[in-house]
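After this come two complexes, each holding chain A, first together with chain B and then together with chain C.
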Partner chain A sequence: MSSLPSAPARVPLWRDVRVLRWAFQLVVLAVVLALLYWLYGNYQANVAKSSIPTNLRFLDNPANFTIPGNDLDQSAPVRDAFYQGFLNTLQVAIVGIVFATILGTLVGIARLSQNFILRTIAAAYVEVIRNIPLLLLLTFMNLAVVLQTFPRIEDAWLPLDLFVISNRGIAIPWFTGSALVLLGIVLVGIVAAWIVTKIRNRISDSTGKPAWAGTYGLLVFVVIMVAGWIATGNTFTLPFVDDRATAGGFRLDPSFFALLVTLVVYTSSHIAEIVRGSIMAVPRGQGEAADALALKPSAKMRLIILPQAFRIAMPALGNQYLNLIKNSSLGATISYFELTQIAQITVGNGSPAVPAFTLTLLVYLGISLITSLIVNYFNRRLALVER
Partner chain B sequence: MKRNVAFMGALAAMTLVLSACAAEADTTTATTTEETTTTETAAVAGSVLESVKEAGVVRCGTRDALPGFAVLTEAGEHEGFDSDFCKAIAAAVLGDATAVEMVDLETADRFTALQNGSIDVLVRNTTWTASRDGGEAATFMQPTFYDGQGMMVTAGSYESVGDMNGAVVCVAKGTTTEGNAALESSRLGLNWEVRSFDETDLILEAFIAGQCDGWSSDVSQLTGFRSAYPDGAAALVILPEVFSKEPLAPAVLDGDTQWAQVVNWAILATIQAEEFGITSANVDSFLTSEDVSIQRFLGVEIVSDDGSAVLDPGLGLPTDFAYQVVKQVGNYGEIFEAHLAPLGLERGVNSLWTNGGLLYAPPFR
Partner chain C sequence: MTWIRRNLFRSVWDGILSIVFGAIAVYVLWTLFEFVFITGRWEIIEVNLLLLLVGRFPEDQLWLVGTSIVALAFWISAASSGSPKSLDSQPSLSARILDSVQRFGLLSALGVLLILLAGGITPLYWGLAIIGGILAGLGLGKTRRSIAARAKIPNLLWHAAIIAVPITFIALTLSLSTLDSWGGFLINFYIAIISIVLSFPLGVLLALGRRSTLPIVRVLATTYIELIRGAPLFVLLLLAGVALEFFVPTELAPGPIFRAVTVFTLFTAAYVAEIVRGGLQSVTQGQTEAGKALGLGTSKITFLITLPQALRNVIPAQIGQFISLFKDTTLAGAALSVLEVLNVGTAITKQDDFLGQGYIYESLAFVGLLFWVGSYVMSRESQRLEKRLGVGQR
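Take a look at the complex of A and B:
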């Protein structure tokens, strides 16, 4: 204090930027914690006043409802119903992500096409779908398309006698036998195909002959699928109309169909824009180099542009996947029995709202975090390794 | 790095929330917090009765599209059996049947609205069940309508519920109806597919489009929907079987006995009035009645040799609450005749006990 000239000695604590930064962070943290504590105390007080249970014991109560397309007994515990709802959410999310990616990529490529009509149609598709509220799109799909456009079960459409389409669902040919066995065959097929492509690539590297890796891989996969199919004695069953329901085959629930189509269409319009942007972000020189090597346009897209575009697109695609998963909760508005619908039903029948919805919320959080992890993993795998 | 810090922060907050949630499972901490908080709140917050008197309006949880029970008219007013009981409560508490704020609720949201205090009373044809009494923090009052679940189908499609093998049955979401339909299906081995919808409008759409074979709900509701069916009531048939007990009762939030009593006696007043033969038209002539029990009921001065007195049961209501209820809204029979009889509903078990029904009011003394 006395020796002013010895300048940069010590700044007082209240003027030290580093200290101030820390102090500010601590204040923010304290405020947030106090807010959370206050909210929680409030909840506790209200709950205690009206003696609402706050634990998860309601999960052991009988569910008292059934789930379409599932043989869950109505006396099964709420826990099982939640689990089934979880599976239904996963089902629509996974199938939706696969189809939305495929459709979105195709539309994204079409938006950059040289063909005027194709380009315009793709642009119109993206602009129309992207600018409609999702809930409205879903309601339209359910009320206008599935309920009104699809025929009653009495006049069901039977294209090629392979499908049964009515407003009670879409039945498709399906295999008999265990799904697990089929899954096993598919897995074996994929692994075998992967090994064959590796070998073909290695041969190609050492001899310089064309690899045909994809063709060989696909061939091996198909052979294994057919062989496995015959070996395990699987056959197809065809769906048919039996009185007021369909029998045989596999029936897609009408609300599942409406939700799936809506999610795929909506998300694909966003994915298309991401894909278009990513393709445009691939340096021009890459395409020109491909042209200089006289690659066919399809090979140029498949081998040069798309792999680099997807590297750019990956984080944004991950966001769309998360959106799709969370948007699947709108299925509750059209009677698709996913997590949210199950939560709403059980809360209406005596399960306490706060624990039931907290549980639902945490499950969604869990699904989203795991999806993020997977996307991040692929993102790191695909990212350029900078040297 | 910066992103990492943010992520860690979010994670830390999440852990805190989770640990807070986990803490409630610990019974010792839970009871101590409960004790402290209840004593605090009991001192601060009064009865709903006080807040209703202060606000000068009763917030009544209801709906807007159930013919007979509660429909929104073109004038923007709620009209129907349930709406009348909302008005009866307002007449009893505030002396003004129009001092009601009708709050339209979705079926699945009704208990949450009651729990978070955005309504004072729920009169939304809600079935009284044990787990709702327990799990939803609702206290149910005198049932206003004793109902049962039935099945409605298009005319000529089925003769009885037992014929409906493999049928698609549509119900409202978050109701007792879902469970009853599932139970009936498994009891009769019928393999129903029970689909539940947010609102009855959606069931109607699905039913018209032929996605549902049967529409299951309380018979009173089905009667209402049948009367308003676009193709005319004759296109639909309500099957003879009734497969559940559905006592429809108003509900208030647990833990407020005073308010519960007030709501209960407002309803009972309509029943007692019918038993006395007092209607909104003739109630004034009863003011001069010599009958002591009627004098007590209407809150008029009972003159005796030692002077005069008015019965104040100490419910926290004006002494003339029953008079106001009957004068402004009517007795139970009038309410029924005005809203439910036009749908074709019979009094049945909803008759006075003196006529072999279930309606029985404790004495006003």
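Take a look at the complex of A and C:
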């Protein structure tokens, strides 16, 4: 009776979804390619007009400038200067990340303190710093604090006789001997401490006695550090003023100091907010369970709340670390010889601008990618295993 | 007494903390007070106030800036007073006064400070004009609500007018004086507003592209976003400063402010895209499915169902992005020598009258205050908005 529905007529080409999808994508691709081609064509034409090289051969030219605190001489190739700038960027970024995390965590916890004064100070710190441009803080730190308020070397401040503070930089007590040996001993110490904590935890698990893992680990670390230090015949020195210069210890450049302090202060105010939010995001029952077990407030924070808070905070923290690394490029405005400053100087000295800055951008991109890989790794390690 | 025991001296350790940090707080507050009222030499700000606020803007055209600010105040107050409030609680008069003081006290204090620093009678008139603009806006907002309720005027019309008028004024100012004579705090605000407005549609497109099922579009959008987010803004600005003329025909090579706007727009678009993507992900799958069940096509589902909800969810994050863009406009001074307020602030300490006398404290403190009040007020407002929109509660 009822006739079968006739086979659907062939969908015309201009109404076929599959065709449309690909057509649309090809159009987008074509537009993007055309734009790139236009930019590239302009670049080629403009470069040819003023005969500027477009390749990376400028890296072999002599740099014609020196980097303070480094024995690179003027005839060294630009390549070495870039490498040194890269190291300086890494230096300020790594030290900055460590201190910003510590300070930010402390301030974040302080914001949730039951102590009114502490809580208010922490809140004021965060609200003031977060709402001021980083560049303004950096300019203030450099021009107003380091270059203007710090005394000249003749009447340097000597707090506790441990530090020498002047407008030529900050000198701190430091170890003598090569950095490599220091690094080696520190690594041995860390590995030994790690093994000891593992053993202590295992003993504690099987006997039920308190582990004291952290105390034992720290003890082993200190013993190995001291023993290793004496065994390799090294000591450490205090800085002192010696005829208009500091001697002994380890001297931080004024620009390095200003950049580091600014980055730490600025980033820590952001980290504090992340830590505060993450602590508040830990389920209330966790804290109550800790109270029910009669844990001390410090133990509750250290063993129950913070580990879970950091699991929540990890992705946001990673973002802040990336921001800190990228913000270190502002060091160029106060003549800290990091990557951007090197690129700026070498372009000023006649290196082609586009390749030099492109190279700089690629290096930053590489650092960012590696940082996010590391952060993602820890994120996966910390992530709750859902069953 | 109980308050003191509970909040300051819970235990011995707590008491020590209170005393140490209390002493620090008193010392810092005293130093600040001393600096502001006793040792601070604010004549450098008084002399250079105009330079700090508007740069070398032609003085005979300054009324344009003033009129724009009055118009902005008018439209902002009209827009915010017209929006529906929560119906469940009608706060008391004292609570409302307290609320207004909290919201506008800081801005008004800054306004009074600026008028005092400027001296003379003209700034006072402008201050009164701005207050008049705000009151007129409030009035319009109130009547508008009753008119709109009765005549069912589409809301869109109002929103369009609210956006269009300030932009018209900015365009007017733009056409009447050359952009490169702009400077000071005005240019920070101008760059921030223009860039956020321009980057918004681009960011939305990139976000849609990144979540698209079309592979080529997705790869292109993702590449762009990740490349930009991996690059420091400062280096991009430097690159624009020395290299933009290579990429466009020579006769088109733009001035520094145009370059700054270009970079800020392209840069912010990538971050806006990530914010909008977050918003799109927060819209539940059921919304899309409901759209499909109604037989809507992909573009209709996106623009009528998911995108509006996503955009509402990300308004606070958008304001956060705007604040950070606002603060980042200082980089244009360092990288492109735009005469923005921080650049002016360091430059005026090198004037003959002030050179080498350590005026940098006063100068930077003033610039910092401008930014701090601006950002702080905006972040406060964003928190209020967040509460009112009920983000995370629906």
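The rule is short, and it goes like this: the second predicted complex is superposed on the first by the 358 of 387 C-alpha atoms of A that agree within 3 Å, B and C clash if a C-alpha of one lies under 4 Å from a C-alpha of the other, contacts with A are read in each partner's own complex, and residues count from 1 in each chain.
The criterion applied here is as follows: a residue touches a chain if its C-beta (ideal position, glycine included) is under 8 Å from a C-beta of that chain, and two chains touch if they have at least 3 such contacts.
Just so you know, these numbers come straight off a predicted model, no measurement behind them.
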For A:Ser335, is the partner it touches chain B (first), chain C (second), both, or none of the two (neither)?
first
Touching A:Ala353, do we find chain B (first), chain C (second), both, or neither?
both
Just chain B (first), just chain C (second), both, or neither: which does A:Thr66 touch?
first
A:Pro315 in the overlay: touching chain B, chain C, both, or neither? Say first, second, both or neither.
neither
Touching partner for A:Val32 - first (chain B), second (chain C), both, neither
both
Could you look at A:Ala48 and tell me whether it touches chain B, chain C, both or neither (first, second, both, neither)?
first
Touched partner set for A:Ser368, first chain B, second chain C, both or neither
second
Partner chain in contact with A:Pro307 - chain B first, chain C second, else both or neither:
neither
Can A:Gln148 be said to touch chain B (first), chain C (second), both, or neither?
both
Dual-contact residues of chain A (chain B, chain C) 32, 46, 49, 143, 148, 332-333, 344, 347, 353, 358
If we count contacts the way the header does, which residues on chain A are in touch with chain C in the complex?
21, 24-26, 28-29, 32, 39, 42-43, 46-47, 49, 114-118, 120-121, 127-128, 130-136, 139-140, 143-144, 148, 326-327, 329-330, 332-333, 340, 343-344, 347, 353-354, 357-358, 360-361, 364-365, 368-369
Mind pulling up the chain A residues that touch chain B in the complex?
32-33, 36, 40-41, 44-46, 48-55, 58, 61, 64-66, 68-69, 73-74, 143, 147-148, 152-154, 167-168, 242-245, 254-255, 332-335, 341, 344-345, 347-353, 358
In the complex, chain B residues that touch chain A:
13, 16-17, 20-21, 24-25, 30, 33-34, 37-38, 40-41, 45, 107-108, 111-112, 115-116, 129, 131-132, 134-137, 165-168, 173-176, 178-179, 182-183, 185-186, 192-198, 202, 205-206, 209-211, 213, 253-255
Touching residues of chain C toward chain A in the complex: what are they?
6-8, 10, 14, 17-18, 21-22, 24-25, 214-217, 220, 227, 229-236, 238-239, 242-243, 245-250, 323, 327-328, 330-331, 333-334, 342, 346, 358, 360-361, 364, 367-368, 371-372, 375-376, 379
